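Please read through the structure below; I'll follow up with questions.
Read from first to last, the chains carry the letters A, B, C, D, E and F; within each, the first residue is number 1.
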Amino acid sequence: DFMGALDEVHAAFGSSEEELDACITNGIIHFSPEIDRILEEGRLRVEQVKKSERTPLVSVLLHGPPGAGKTALAATIAMQSEFPFIKLISPETMVGMGELQKVNAINRVFQDSYKSPLSVIVMDDIERLLDYTPIGSRFSNVVLQAIAVLLKKQPPKGKRLLVLSTTTRRHVLEEMDLLDSFSSQLYVENLRKLEEVNTVVKRLELFKMDGERHTAMATLAKSGLEGQLTIGIKKLLMTIEKARQSEDPITGFVSDMNNL
Amino acid sequence: DFMGALDEVHAAFGSSEEELDACITNGIIHFSPEIDRILEEGRLRVEQVKKSERTPLVSVLLHGPPGAGKTALAATIAMQSEFPFIKLISPETMVGMGELQKVNAINRVFQDSYKSPLSVIVMDDIERLLDYTPIGSRFSNVVLQAIAVLLKKQPPKGKRLLVLSTTTRRHVLEEMDLLDSFSSQLYVENLRKLEEVNTVVKRLELFKMDGERHTAMATLAKSGLEGQLTIGIKKLLMTIEKARQSEDPITGFVSDMNNL
Amino acid sequence: DFMGALDEVHAAFGSSEEELDACITNGIIHFSPEIDRILEEGRLRVEQVKKSERTPLVSVLLHGPPGAGKTALAATIAMQSEFPFIKLISPETMVGMGELQKVNAINRVFQDSYKSPLSVIVMDDIERLLDYTPIGSRFSNVVLQAIAVLLKKQPPKGKRLLVLSTTTRRHVLEEMDLLDSFSSQLYVENLRKLEEVNTVVKRLELFKMDGERHTAMATLAKSGLEGQLTIGIKKLLMTIEKARQSEDPITGFVSDMNNL
Amino acid sequence: DFMGALDEVHAAFGSSEEELDACITNGIIHFSPEIDRILEEGRLRVEQVKKSERTPLVSVLLHGPPGAGKTALAATIAMQSEFPFIKLISPETMVGMGELQKVNAINRVFQDSYKSPLSVIVMDDIERLLDYTPIGSRFSNVVLQAIAVLLKKQPPKGKRLLVLSTTTRRHVLEEMDLLDSFSSQLYVENLRKLEEVNTVVKRLELFKMDGERHTAMATLAKSGLEGQLTIGIKKLLMTIEKARQSEDPITGFVSDMNNL
Amino acid sequence: DFMGALDEVHAAFGSSEEELDACITNGIIHFSPEIDRILEEGRLRVEQVKKSERTPLVSVLLHGPPGAGKTALAATIAMQSEFPFIKLISPETMVGMGELQKVNAINRVFQDSYKSPLSVIVMDDIERLLDYTPIGSRFSNVVLQAIAVLLKKQPPKGKRLLVLSTTTRRHVLEEMDLLDSFSSQLYVENLRKLEEVNTVVKRLELFKMDGERHTAMATLAKSGLEGQLTIGIKKLLMTIEKARQSEDPITGFVSDMNNL
Amino acid sequence: DFMGALDEVHAAFGSSEEELDACITNGIIHFSPEIDRILEEGRLRVEQVKKSERTPLVSVLLHGPPGAGKTALAATIAMQSEFPFIKLISPETMVGMGELQKVNAINRVFQDSYKSPLSVIVMDDIERLLDYTPIGSRFSNVVLQAIAVLLKKQPPKGKRLLVLSTTTRRHVLEEMDLLDSFSSQLYVENLRKLEEVNTVVKRLELFKMDGERHTAMATLAKSGLEGQLTIGIKKLLMTIEKARQSEDPITGFVSDMNNL
């Protein structure tokens, strides 16, 4: 039975649930309809992998600016699939690894996934896995080639695999001919409206009273922020928490938002 | 006798038939006369290798856009030759190999082929074997040199060899002076006509009723797709399967085809 | 209790207090209000790390011209945090190390910090850790990637970390996409006013009598230095000490200040 | 005596006669006076090495387009010398060798030659020995330097050596300063006249009747091929053999010749 | 006591006095007031290191054209310091060393110096230590980084260090950001006046009689050398010694001086 | 005594006399006064090294076009010195050596020379020692640095050294900053006058009768060769020897001279 299979797969290869959980420490705040659309798209891909016999391999690239919430969203989709094999490939566990060690680590996760009837792999921060740096466009071609091949390699008969990958460097992946390897792409945006900021501030209870929040948001509106605002949820969180520690949170928050 | 030789060769070097089979999971759909022309050209090359004493080595390059069906067609020609030695050289089995390991793996297949009276080698995705990346035009010169030499090296007396290779990067191989090494080239095209798409959709039974299919195709025609359409069979398959999972397959399919 | 935890952490990982002390041999002279602003900003970051649950990782980049006092200020902020884990990552201890050894050394400090409830890491002279040289923009990409990942890696649950880094090459770090990884930046300026110089000269008692100092400063003012002066505290210290050894300190000092 | 010396040299170092023979599988067809001129020039060099005391080392570079017959001609000259030491240095035996292995293999042949009173070395496809690729002008400088030195190194007293080398990349060797190292150069041309093609077609008996051949050649003449034709003997052989397998050899041959 | 300390330091680390002596084989000829100024500056630096508590590390760069006498002057200053630890770091002892060996050798001298209360290190020909070559601006970044760090690293408490370095490539060091690391710079000039040449010729007694010398110098003056003369003391020495061997020293010397 | 010292040095380090002899197989033909001037300059350098105490190290660079006779002239000067230590450093003995092996081989010769009271080192074909190639200006910086240092390194007290080096690439050495390291340079020219050619032809007795030679030279004169002739002695030798083998030496020689 499925639950048995799930347990077996878990026993054999472990799971990344705890690590993926840690990617969503501050939860998912539904500050815009986009968030729901992305999660729904993810859910549909999960279903497609489960059901179609002709597409045993589907891969999705979540791309967008730094701190937009890409990793948290990919982790959320992966966790909600409830597939028996859920694994995170992250540069954080590969500090100091050589190129071949990295390739082996990545390859092992894919090989393990081929043993589970249904698998999700979250491949986080793909440009960091590639050791990419814009100065001189340096990167590990060895890792790139491995990822390019693995993203095209069909799982063995009867196995299915969903790959969710994140990047801030969609354009670089395009130059590397890597985009063709993905079945589809999802754009994760920054917050661009004061109303979205308001939702987050409210939810995180930065101010003890609604009046304070209204004052803060009104001040921001007056300073003409609307229309030129662009901030990732991650930076917004940092800004709110910094303001929280200051003696005058309204001034602190407004000033920092104006100095982004 | 020939069947005995075939068995011996099989016994000694194994065969790639299962792997090649897996390259054709979704079969060959004859959506255009081009498909038949390519398969016929392949059959003729097979005959030439069998019969001419003066050309014991013939090599064919199948090139075309990503997902056009190059690998499936090369695999089909190879399987239909019924030569005793049929082998696939694929980057998928070489993830994480160093340059020299790759050269050794490729070289070994050629050396083994020299022991069979008649051999086919499918050398898939040649740019990936070369670890080619467009950024800075990086690639493994070691592998390139080995392939260049092997494509020119006559098999020993009395042995014959057909090499079928695939690539999406014909232009790069030209810059590398590798094109001269092939006896001939075959271009594998994308689908460009709605009628071809119709054939595939019908064959895969995306819609339960012909009326639905007609509606979908008519809508695509109306949106002016004819004339600017270009889609590989691989992507078309993915699009059809995605539409199949959606609640409204007509809308889903039409919308995705319009957003290629 | 906290003091017990502190002792344990000390016992397990040692501390860099002596090394950090050596970075402030000539103390902190409050020659301008900027110095106080920087130290206050540092203090606030320390508080933030201590208190906010949502931001367990805060990182600050102190940047400015050579010899402006960056290292001394970072060391001062770190020492004043009184966190149980205070460590210095400095190129001075890594002379002759290979790339991987450096990564391991840096990584180890971060890993150790993850075991203390509250940690400060001073990562000094980041461009030197990267072996950066402007000729051909050479640097260790291996070290860069490690630092980029470590600056984004959340400490495990319940642990908090403040990273203070220094550089004279903010622009290069920007080209390397490393600036996004810092929570905030602090600019450490050169001395630009004669009054600031006067404060330092007085404090260091270069002249035995105030009259001498007034003469010296007046001469400098007359030679039009105000407005075009820019000197780091480190170079000013060297100039003062050199003048102190000369037979005519006033002439020596004035002449050197005019020949910067 | 000489025959004894010849046997001794053979016994000690083996010979490449079989390999060289394999370079001339399809014989030498005298389709143009140039072929005879080249073979005569070769014969004269052989004599010069045999007789002049002042020039114990003579080296000749055969260059020309791909498939023009360079290797077959060099092999023929070498075989006709009847020197006791005749060796082939070919990239085909060096697949997968590292730079130093290649240098050692090449060097060993030269060292061995120094032990025979009269030696010929055929150094085939010099750009492939150098692992040359036009993209980024990559090549093995280690092998280049070794060849440059060996081409200038006098054999020991009383020993004589003729080096015959081939290349399609004379211009590259010039850029490498390697041309100065050769005593002389011989240009091997493509076929450029229909009459030359006729000679080859006749000799290979593509058509059973002379009338067929005349028809084919007349058709080619009518289509204006004369004057713009340029084809290597190797490609012409492949074209003839392909036509031979087709049901209508005349049409097949004419069509392929028009589509070069 | 100091003499005891000196002996101990000598015993433990040896000294470079003999090597430094060999840098001054032809002595120091005081052909211009500049020579005295440089030696006096050197003496003052020595005093500064001895006395100021705030500047335990002082570094001086002697730069100028090839053969101007940089090494001899640095060696002279070092020898006159009479510090207990006097060491020469010279590329001459590092022929064939790898980058890491060099770094270790250089680092060891600095580490040793940290054990003496007062030390001088002469770091000769810094561009050669860096394996610098103008073609492609190649150099050992590993050695550069080590030197950059060591030039900034304070000796431990109570220890003092003077570093005297020489180079003909000040501009390159500037591009490498290495100049900021030196406390000060001293320019060592070529000889540019005939009177200076006269002083050297007289001192070296090239001519047996003053009249001869006057004749030679007058001839040089007449040929318009004054104003366009520029020659390093090293080359002048070579020219004088060559003239000394010739049968007609006046003509020989004048002719060589005119053909510089 | 000197002869004893000479024998000892020979016994300890061997000598390159045989190898140097092999560089002059075809003797020195005095076809122009330049040849005598070069040999006389060489003799004077030998004397200078023997006598001047102030210049224990003298180095001369012989440069000129390929085949001009540089190596033969350097070998001749070295042999005529009759110094106890005479050694040849030649790329011919270093085929296949790595960079460090080369440096060690070169360094060992210099170290050995430091043990002889008087030494000559012939360092042949310096660009080949450096593995120099014009494509991409590649060369071994490791060997370059070693040579640069060794050319400046004074022999120990009481030892004297003359270095004679040859190159066809003076301009490249200049770009490498290597020219400053030589005490002086000697230019070895091609033959440029028919009279010089005549001297060589006569000396080598290409023609049995003077009349034949006069005819040949007159024909060359008539074809306007004078004024545009430029040929190295090495190539002239090859041309003469080739003509000698032909049935009609006059025509053969004249034709080859006109087709240079």
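Worth a mention:
By our rule, contacts are C-beta pairs under 8 Å (C-beta built on N, C-alpha and C of every residue); 3 or more make two chains touch, one makes a residue touch a chain.
Remember, it's a predicted structure, so these values are computed and weren't measured experimentally.
Shared contact partners of chain B and chain C, listed by label, are A.
Comparing the centres of all chains, each the average of its CA atoms, the largest separation from chain C belongs to D. Taking CA atoms, the transformation carrying chain C onto chain E includes a rotation by 60°, reported to the nearest 5. The greatest centre-to-centre gap from chain B, using C-alpha centroids, is found for E. A straight line joining the Cα centres of chain A and chain C is 34 Å long.
Centre to centre, using the average C-alpha position, chain A and chain D are separated by 60 Å. In chain E, no residue touches two or more other chains. In terms of which chains touch, the assembly is arranged as a closed ring, every chain touching its two neighbours and no others. Passing around the ring starting with chain A, then chain B, and so on, the chain order reads A, B, D, F, E, C. For chain A in complex with chain C, the touching residues are 22, 25-26, 66-67, 91-92, 94-96, 98, 128, 131, 133-136, 138, 204, 237-238, 240-242, 244-246. Per the touch definition, chain A reaches chain B in the complex via residues 44, 47-48, 51-52, 54-55, 58, 100, 103-104, 107, 137, 139, 141-142, 144-146, 148-150, 152-154, 157, 172, 175-177, 180, 183.
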